[in-house]
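Here come two complexes built around chain A, the first alongside chain B, the second alongside chain C.
And now, the complex of A and B:
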């Protein structure tokens, strides 16, 4: 009962407070603090640990990484203080002049050109099938999603087993088996990795598409059918435009994944043969941690992120203009 | 409206008859579902065959890559590979490490997600916009940019190499969970909270006795969405753990498969046995809770 009374008293006070302090006498100090903190200061208390964490784990390393890429930074024995002189764009100059780096970015391009169209086409195909099918719907949904929930390390082990020299895929292909074999073939390794990543993530994208398809009003299809549109025509003129926002999202997520490719080349080939499956993330690990040049690695990281952002923006322009 | 719904069919039939298309349409009417079903079955087979082969490969006494080896042949079946991989990497220890890391990440994610999601949706306070901006920023900053500086900080400055804290740290703030909880809290009518306030409940009491019980389904969703990540994560724990007794299974298995352990009777089989051990917990949990992995849940995680 007392709190109810409290509430009654406080509300008008707050109302005048928002109108401005000039009206009436000044608020007591506690009120003014509360006014400054907002209606529920508890929110501040609840958010502070999270915000502090974000600063320590995201903002500080972010700034540190950018700083590092403009300075001469190297590992020292613990406790030793050494100067890290500012070197301007020297790290970036070194990175851009390095043919290995260029090859790594080129490999990502190959990866994206295979992975993105494949994901969109297969995602649309399977999800529209799933949307229409009556039986076994749950089974299909679960099967497509299982690769997505399984660790890359585990699934890559099977892919190595299937695709290495004497693997079952080559046995099945017989005389058609590629020479040199998949993992050792410079022109096949990146496409193989692209197919693997498509296979692994497809289930997630199928679910995204499925949600969008289920939201397409039935009336649109009925109206199109009434106007004599066939299945293909209806797919092109009703379904595709309706799921365009999802396609845009799928392309964006694929581009982001492309920038992160690390585990696949690391476990399948170590970046070989001859850098044919090297990716920027793997290169960052090799240069930054194995070879002790974190400044160079940070510069690669910055270039990679800027490239990924540029491609994402371009793809958004492209996928949204079509509409 | 009711009158017009029957007419399209009639009209359609009329048109079909007029153009003499009826048999043709009939055929596509039967062919299309069959084709669709075939595509879906082929897709499911392609998705599942590697898993079948993972199990078969893990059970093979000798590596058999022939087409016949795809079948579970009695004379070539053994459980030795599991014992073999267990000799090289302590499976139980690695599983425990994976479990600790996953539990730590999921725990932090839930606590942060619940508190911040509640603060952002139910309360109003100074800096709220800034906190929400931070939540979105976490989504936006790509890990590649953080990988090297975070490694330098965690390993060199914080001395958290080969430490569970070091493994958990970068994943502890997960904005997906914040967005899931925010979404759930926004769906609860404000009156529920206002009524509690009028009844004299303190803000903390409201959070504990009203908000948390109301969003229990969101807790499950957030757990399911986040547990897969740390359980399967390879890159970060790989960077910060060099001590084999601290490595999660994904890392120790990857190192084992890279080491080409020739003393194993069937090295590939041993790797696949390890792969099964790594895959089974995630797949089983997914199968148990698969109806929670709906696009709606995933969608809320992405759209924010």
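And now, the complex of A and C:
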């Protein structure tokens, strides 16, 4: 319920109007200004640089990308006038008819099916372990985080050493080493990339989970323990529900990461062997930059946006559903 | 829309569209052909990032600047990027290319031309045709665009040869001084001996990733040698399904199938690294290989092998040419043209050879390089191969066409199995379709 006092506090213009010489007739100019600028105009001023950044770096290129996907377009030098006719859905038809594009999206599916569950499970396990650890806490946190902050070029070079034909992994496996070996094996390359990305990003997700775990009230665990709940039951009925919002965030971030996969196949395989590690982002680079077909690349990008949005929304419905 | 859903949508969109942000285009400013009066004044140039070419570039620029106080040249290596072509293409779109790039790949010229990024030398400068054909002879015709004009000046040729590691060959019981690598069977026999002796991990290890440019480091040089210099695409049609092409494909398939070569990415410099590091017993490279391999491996060079064996003086090879482009964003095009001629005069062409070991694309290389070759016998076979060196075809959409080939290569050759005729027949049909 709003009181007169409340209104006075919230709306100085209105309060002034009731006390001023023209009582009962509020200043319409002041009200209009307030309606446009809000109650804290300074906040508007402070947020303007970021809003401008979003518009210039995000919205304008996005809009331009959408426009490109519906036109026959290629990049030209400034001042070179060439027609860019509207082609409707032709770019999308070409993209969807291209088996390489379909394979790239299929590869993403394989990646996501491995990366997302693995990240959630390992993130939860490791953060629970870290939460319980008494000594060397800082050491373990830094250890998990180092791959995340290390350049992919460096970590991928290490993985090439580990997984090439004569690498340490094959030496350990001996006769069980796969043939063809990891990086040249069409069945293993995408799972390998999924595991690599999981390992590289895990430190970040562990920290997210750790923060959530440390916010779970100890009383809940104590109450459950007093009711006779064992470790597993406490984890399932107390910890898991408490960290559900973080799980939802982790899954969302993993889906976005899945859509962005580029560096790993670019450096490890160039999309091979036989397209087995091709991803939409790498294909966009090939088409848009190397082959001078940014319109086709934009169409792939738009399909990717829609796919990532659809999967993200579905995942949020799933992960935020009350148990 | 709920806040959560909005966040999801925004985050998901951000995740994907940012790559597009780097691809902006503008529609204001200059034009493809300079036309009209040509201005003089300071200019910028880019040259290759390799140490020797930087040394050459610096000395040429220093000499020019000493005599041209009002037309100073500022030089720098091509900015870092995944490839020079990507950097130049992006720079054309942004309108900030330098006046000259001394590392313009002929394969990229049709695309740069389509972007309106290159100056038509033939129509812009009255003496361009005479100067370029006078210096490079008929070789210049190989770099003409579809309209018959020159948008690049042929600069240097790097004929590929087969380098082999003498120590590895000796360890495998092969003749290190006369390695007998004339035919495909010779190479396969040597590879088997090397494998049996455990003298090196691999016989030959070209870049293995699916990037289209890697075609120039495995199939294409060997195909040129085996086919007598047939380009990858001729008259709009793919040529690699000929008998000579299939012989070369089968040769490489065998190398992968027998484990003589690796289909895995090399951890390090994937072009020169495997041979320089002693991981591979053989490698293909131009004369620039000397600077890469000196002090690392004890090596020799022989012409590229063919199916039946071809005499050295008849063996075609890949030219790996790099040319000079004059870019349309250049304000002082007259100075750029004058500097271009200065950088390719007799004195500086000879300096290029002496400093970098790379051969200028000109008709009088034997005369120009006579003294140099007496003192540097290593380069003799490369000099002899210059007239037999063939480049990539100057056709539209070459990158896409080469990628089609590379994907088939990954499928049927690097896997060590696969129906070569069917797979490459399909690739040829696709490439022919793109041409039409």
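Please note the rule applied: the second predicted complex is superposed on the first by the 261 of 323 C-alpha atoms of A that agree within 3 Å, B and C clash if a C-alpha of one lies under 4 Å from a C-alpha of the other, contacts with A are read in each partner's own complex, and residues count from 1 in each chain.
Note that in this section contacts are C-beta pairs under 8 Å (C-beta built on N, C-alpha and C of every residue); 3 or more make two chains touch, one makes a residue touch a chain.
Only a predicted model underlies this, so the values are computations on that prediction, with no experimental measurement involved.
Participant: Between chain B (first) and chain C (second), which, if any, makes contact with A:281: first, second, both or neither?
Facilitator: Touch partners of A:281: chain B and chain C.
Participant: Per the contact definition in the header, classify A:313: touching chain B only (first), chain C only (second), both, or neither.
Facilitator: A:313: touches chain C, not chain B.
Participant: Tell me the contact category for A:183 with respect to chain B and chain C: first, second, both or neither.
Facilitator: Only chain C is touched by A:183; chain B is not.
Participant: Quick check for you: in the superposed arrangement, does A:152 touch first (chain B), second (chain C), both or neither?
Facilitator: first
Participant: Determine, for the superposed model, which of the two partners chain B and chain C contacts more residues of chain A.
Facilitator: Partner with more touched residues of chain A: B.
Participant: Regarding the shared-chain residue A:269, is it in contact with chain B (first), chain C (second), both, or neither?
Facilitator: Only chain C is touched by A:269; chain B is not.
Participant: Need the overlap of the two footprints on chain A, from chain B and from chain C, as residue ranges.
Facilitator: Common interface on chain A, chain B vs chain C: 57-58, 61-62, 64-65, 68, 75, 78, 157, 160-161, 166, 256, 259-260, 262, 266-267, 281, 284-285, 288-289, 294, 297-298, 301, 304-305, 308.
Participant: Inside the complex, what are the residues of chain B that reach chain A?
Facilitator: 8, 11-12, 15, 28, 32-33, 36-37, 39-40, 43-44, 46-48, 50-51, 53-54, 57, 65-67, 69-70, 112, 115-116, 118-120, 123-128, 130-131, 134, 137-138, 141-153, 156, 169-170, 172-173, 178, 197-198, 200, 203-204, 207, 228, 231-232, 234-235, 239, 250-251, 253-254, 257-258, 268, 271-272, 274-276, 278-279, 282-283, 286-287, 290, 293-296, 298-299, 302
Participant: Which of the residues in chain A come into contact with chain B in the complex?
Facilitator: Chain A reaches chain B through residues 1-4, 7, 36-44, 46-47, 49-51, 53-54, 57-62, 64-65, 68, 75, 78, 122, 125-126, 129-130, 132-133, 135-136, 138-147, 149-155, 157-162, 166-168, 171-172, 199, 202-204, 207-208, 210-211, 214, 222, 225-226, 228, 230-231, 249, 256, 259-260, 262-263, 266-267, 280-281, 284-285, 288-289, 294, 297-298, 301-302, 304-305, 308.
Participant: Quick check: in the complex, which residue numbers of chain C touch chain A?
Facilitator: Chain C residues touching chain A: 4-5, 8-9, 11-21, 23-32, 82, 85-86, 89-90, 92-95, 111, 114-117, 201, 208-212, 214, 262-268, 328-329, 397, 399-400, 403, 407, 410-411, 414-416.
Participant: Touching residues of chain A toward chain C in the complex: what are they?
Facilitator: Result: residues 57-58, 61-62, 64-65, 68, 74-82, 100, 157, 160-161, 164-166, 180-184, 252-253, 255-257, 259-260, 262, 266-275, 278, 281, 284-286, 288-294, 297-298, 301, 304-305, 308-309, 312-313, 316, 320 of chain A touch chain C.
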